[in-house]
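We just call them A, B, C and D in the order they show up, numbering each chain from 1.
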Amino acid sequence: MIDFCLFGAGLIGSVHAANIVRHPKARLRYIVDPRPDAAQRIASLTGAQIVDTNTALADPEINAVLIASATKTHADLAIAAAAKGKAIFCEKPIDLDLGRTDQCLAAITQADVLFQIGFNRRFDPSFRALKQRLDKNEIGAIEQVIITSRDPEAETEEALAGGGGVFREMTIHDFDMARNLLGEEPVELFASGSCLVLPYYAKLGDYDTAMFILRTASGRQCHINNSVRAVYGYDQRIEVHGSNGMLQAGNRTPTSVEAFGPQAVSRDRPLYFFVERYAESYAAELDHFVECVISSRNPDVGAKDGRNAMILCEAALASAKSGRFEPVRF
Amino acid sequence: MIDFCLFGAGLIGSVHAANIVRHPKARLRYIVDPRPDAAQRIASLTGAQIVDTNTALADPEINAVLIASATKTHADLAIAAAAKGKAIFCEKPIDLDLGRTDQCLAAITQADVLFQIGFNRRFDPSFRALKQRLDKNEIGAIEQVIITSRDPEAETEEALAGGGGVFREMTIHDFDMARNLLGEEPVELFASGSCLVLPYYAKLGDYDTAMFILRTASGRQCHINNSVRAVYGYDQRIEVHGSNGMLQAGNRTPTSVEAFGPQAVSRDRPLYFFVERYAESYAAELDHFVECVISSRNPDVGAKDGRNAMILCEAALASAKSGRFEPVRF
Amino acid sequence: MIDFCLFGAGLIGSVHAANIVRHPKARLRYIVDPRPDAAQRIASLTGAQIVDTNTALADPEINAVLIASATKTHADLAIAAAAKGKAIFCEKPIDLDLGRTDQCLAAITQADVLFQIGFNRRFDPSFRALKQRLDKNEIGAIEQVIITSRDPEAETEEALAGGGGVFREMTIHDFDMARNLLGEEPVELFASGSCLVLPYYAKLGDYDTAMFILRTASGRQCHINNSVRAVYGYDQRIEVHGSNGMLQAGNRTPTSVEAFGPQAVSRDRPLYFFVERYAESYAAELDHFVECVISSRNPDVGAKDGRNAMILCEAALASAKSGRFEPVRF
Amino acid sequence: MIDFCLFGAGLIGSVHAANIVRHPKARLRYIVDPRPDAAQRIASLTGAQIVDTNTALADPEINAVLIASATKTHADLAIAAAAKGKAIFCEKPIDLDLGRTDQCLAAITQADVLFQIGFNRRFDPSFRALKQRLDKNEIGAIEQVIITSRDPEAETEEALAGGGGVFREMTIHDFDMARNLLGEEPVELFASGSCLVLPYYAKLGDYDTAMFILRTASGRQCHINNSVRAVYGYDQRIEVHGSNGMLQAGNRTPTSVEAFGPQAVSRDRPLYFFVERYAESYAAELDHFVECVISSRNPDVGAKDGRNAMILCEAALASAKSGRFEPVRF
């Protein structure tokens, strides 16, 4: 049985809390959050005890920490947890600053603790099945990858101002997926960002609409398109072209109902947003983490994956300004 | 918190056990099964205590029983549980004999206990959404219903010989769905049964392949087709034609992956069988039952629904022999 | 080059006229229709000459006649054309009366002329591909066939009163398809007809909504459902279940456009009615006929197919009244 | 009646010839091609007379020319035809050289003749319907366009060496579609070309695999992806994201048959290549041209469209080398 301390009682923290509670081999022992109301809500739903960080990390019965708190606290918590020998599941990003990210990686390496980064989409049943079929060489050599990733809701101006920006908060998942699917590391990245949705994106020097092209050394290419306005629901699709065929993974819908009416045939919109669409992914990434902790093996998606996706974000920010391919150096 | 005793530790019992355990307002206290191994397996997974029927029913803290044991024990257990004032969730059918079914209904009525029959398909998200859209009059007056219901696996000869036959075990779900969707009770039923799959169906006087037509008094019609051989997975579809349109609810697949290859474009087969396809239905029917127990209201699908579906089975058996519309008298 | 005389300048006659004109090996020489306006319209569009029946049949350069005139004239025209040794393409039905149909068949046989009946759906690209895949044994032994056939428009009261009724006018195509797909002749037929759409169907003793079950001697089954009210367009689907899989052929749409909006995802309705949906079938059946005339071989769908489908109509009419399986005797 | 002279008896010339022949208001009078066999084949099929260029253009009864000859002859023929006052339908590109293209435009303007360029995809029923729905503001302001355009067959080394290269021969259609759909002219273009399919593309300094991003002044974006290897058939899809929704137009298939087998559910591959997929487009663009000639109005897609698409090709070639956004100056 793996005993968890959860840091962060927000939306994602709640998702993780529910998955820990449902897991037959895991227990949620502690919840840490500076906001008493949020912490209390999770405590009530799960029976977890509200404690502070030191108490939680000092408890030798705690095997694992799940870091879903504010981004700026990730690195400190991860370093502290590593020092206590805890297995660490950390929401992305490790840190918005690359230097701080590297310090965190060093601490993890030195402490030799298990670390998993929360790139949950790798665990989406459809995306995972697609990846497995690529690995079985079903469509031959990979040539082009096309990732559609569009949010049904923008961030509020306040959240946007306080966060890492769209590339580091949203596109980072797509960059990880690009790395995961291309079969080679990208060496160049081109970004084109626009402001078409909400003026405060422009005011904050950010983009609400973007397109990307990534290239590997052998010439494989990946296109990503992003928007913070998909009025028809969360749009998360992947398409991989290989020398012997193409694989697509599409959206899922709440039901299979189709209505044949006098004007058109209609079906459900895609599932609304990440909590709905990636419900299975969140559960599966936790399963993977628990399994790794129990069997002392490295998770499939670790600290280096977190770092490399962040490096792609940096290249994207540079390219959106320079209007040219920017080199990617991991 | 609703405390349950589960009767029956077989496949369906296990599904219910897992849903009770996961339910925030339910607890699985007891498991009753004459097979020690099966009972022990559920007990280990859930922490439930293995007891005998009398102990379970005598415990005043038990609010609800879930009857998923062998069909022939359903009526006895339901009558005994009713006598003790327990809320009853009973797998279909109540009994293969209509007289015995009526005795059971009388006992439930007399004891004034809450009773839900396990027609889980009513709780399938797609079928339920379709029904809700019918109820909102989205396609006008209902004219024809078409139910496709085909199993990926036949019953073994032994199970078939010991059970109620294909109409009472398999088609009964479709008959319930027909009643649910037609908006009027059927008054006539025509059945055509064949043996095309496995010789022992014929040997036992049963059918492995069947088609049905049901009619209501106003002339609404429902077609059902059944087979015990769907090599492509569990095939569960509904189509309702109304005066202003048509609604379909189709199969679901494990993933959304599509493969574009040199020969064809292919996608996943439908989910394999009822445990996979109706996983959400089993959970949702339990949610409904728990909610009904807590709020003391009658479940949407009760003892009368169990009885009426069985009466349609009887008419179907008669029609398959007579080759004519048989009257349905509820 | 095959020189045609076309009888009948109505809707179907116009479709055939256009296909003859476009055919590189056919010429439309004559048009015969008692309605001068209709005849003139076809003549203007195609350059065909308006003549009377005797003139047309007396011309030795006419190789083939296409009979698309009123149903009651089919048999007379076919018998007259056979006497003159013309190849005959005749719209279904040959005649509404079975005795008259048999006289026509006898005349054709005696004259030893080539005869094709207008069951155009056999030439629909999707239905034909499905049939070819059945013939290649792709899904093993056929077990059940399900035919959906629903019209977007009812007949007017006048047309209905003057015609052969819904079974002989509409279902006859489905009966032919059932024979074509079952791989064995039906021996029993059950029909259930209702009046839910337009009161004059009931007044005329006809049905606007119907379901059928056909059985072959070995127990194969076919379900057909019909309605004269499909507000979402012409609904023409086929589904064949075999021992090793299932084949479906669905509707076609004008375009492939899908709209993802705030409420739903919508796509085109099916093509409107037979002229649109079966445009390719009408052309392909004419191709087949011309090819048969040129190479002196028997068409794939001949007079006997016309007769047998009519016999199924008779059984259906009897069954809708008797409420029982009626025997089919070809 | 519009009398045509067709220049070029190759594959595309044959397609146009057939459409002219089938058109009720057009006649194919002359065919001009330096290859006697090719000319003879078209002449036999259509009844057109084989003549030389001067004879054809000198004939005052010829209203229109259709230029489907080798690319390098397009401008000369167009200029000569303009001088004779003929209406001109010209396959793309007008010329591979921009200076020569401008000379041709000047000649057309001076002669004031009607000119249509062969961007047939604008007439594809699905793409046209999508465009019409954009024009009706169905999805609000356009934000991103995604064009998938992948060929099932590469050019031979010889054809590639003798032609204008992949961007000018293949992508030019996509550039036209981008202009057509963005609602604003592109002002910047980024191209990333790779050689992953056939070594002779690299040897000739060309690309067999490419991705593009186009931007308009207001920040609208368009992604195009190209490949000369789509083993699953011709892949031609469009997706347009707007402020109020998304429209997709997808591939078409030969039939609607779906096969449900033990391993997967499969359906037809997309139609094979442009002759099949764009059969309706070729017919519709000819209809449009004939209609414009008859009514003396300018075609929807004219010489300027041909020129501007070529300018995008130039920018793409520059960008693929420079690795940066290249400006687009029409």
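Details
Just so we're on the same page, a residue touches a chain if its C-beta (ideal position, glycine included) is under 8 Å from a C-beta of that chain, and two chains touch if they have at least 3 such contacts.
Remember, it's a predicted structure, so these values are computed and weren't measured experimentally.
The interface with the greater number of C-beta contacts, when A-D is set against C-D, is A-D.
Among the remaining chains, the Cα-based centre furthest from that of subunit B is the centre of D. Averaging Cα coordinates per chain places subunit B and subunit D 58 Å apart.
Centre-to-centre, using mean CA coordinates, subunit C is 40 Å away from subunit D. In subunit B, the residues that reach two or more other chains under the touch definition are 231-232, 235, 244-246, 259-262. Listing the residues of subunit D that touch subunit B in their complex gives 231-233, 235, 259-270. Residues 22, 24, 45, 125-126, 129-130, 133, 138-139, 244-252, 254-262 of subunit D are the ones that touch subunit C when the two sit in their complex. Note for the complex: subunit C touches subunit B at residues 141, 143-144, 146, 148, 150, 188, 190, 192, 194-197, 209-211, 213, 215, 218-221, 223, 225, 227, 229-232, 235, 241, 243-246, 322-325.
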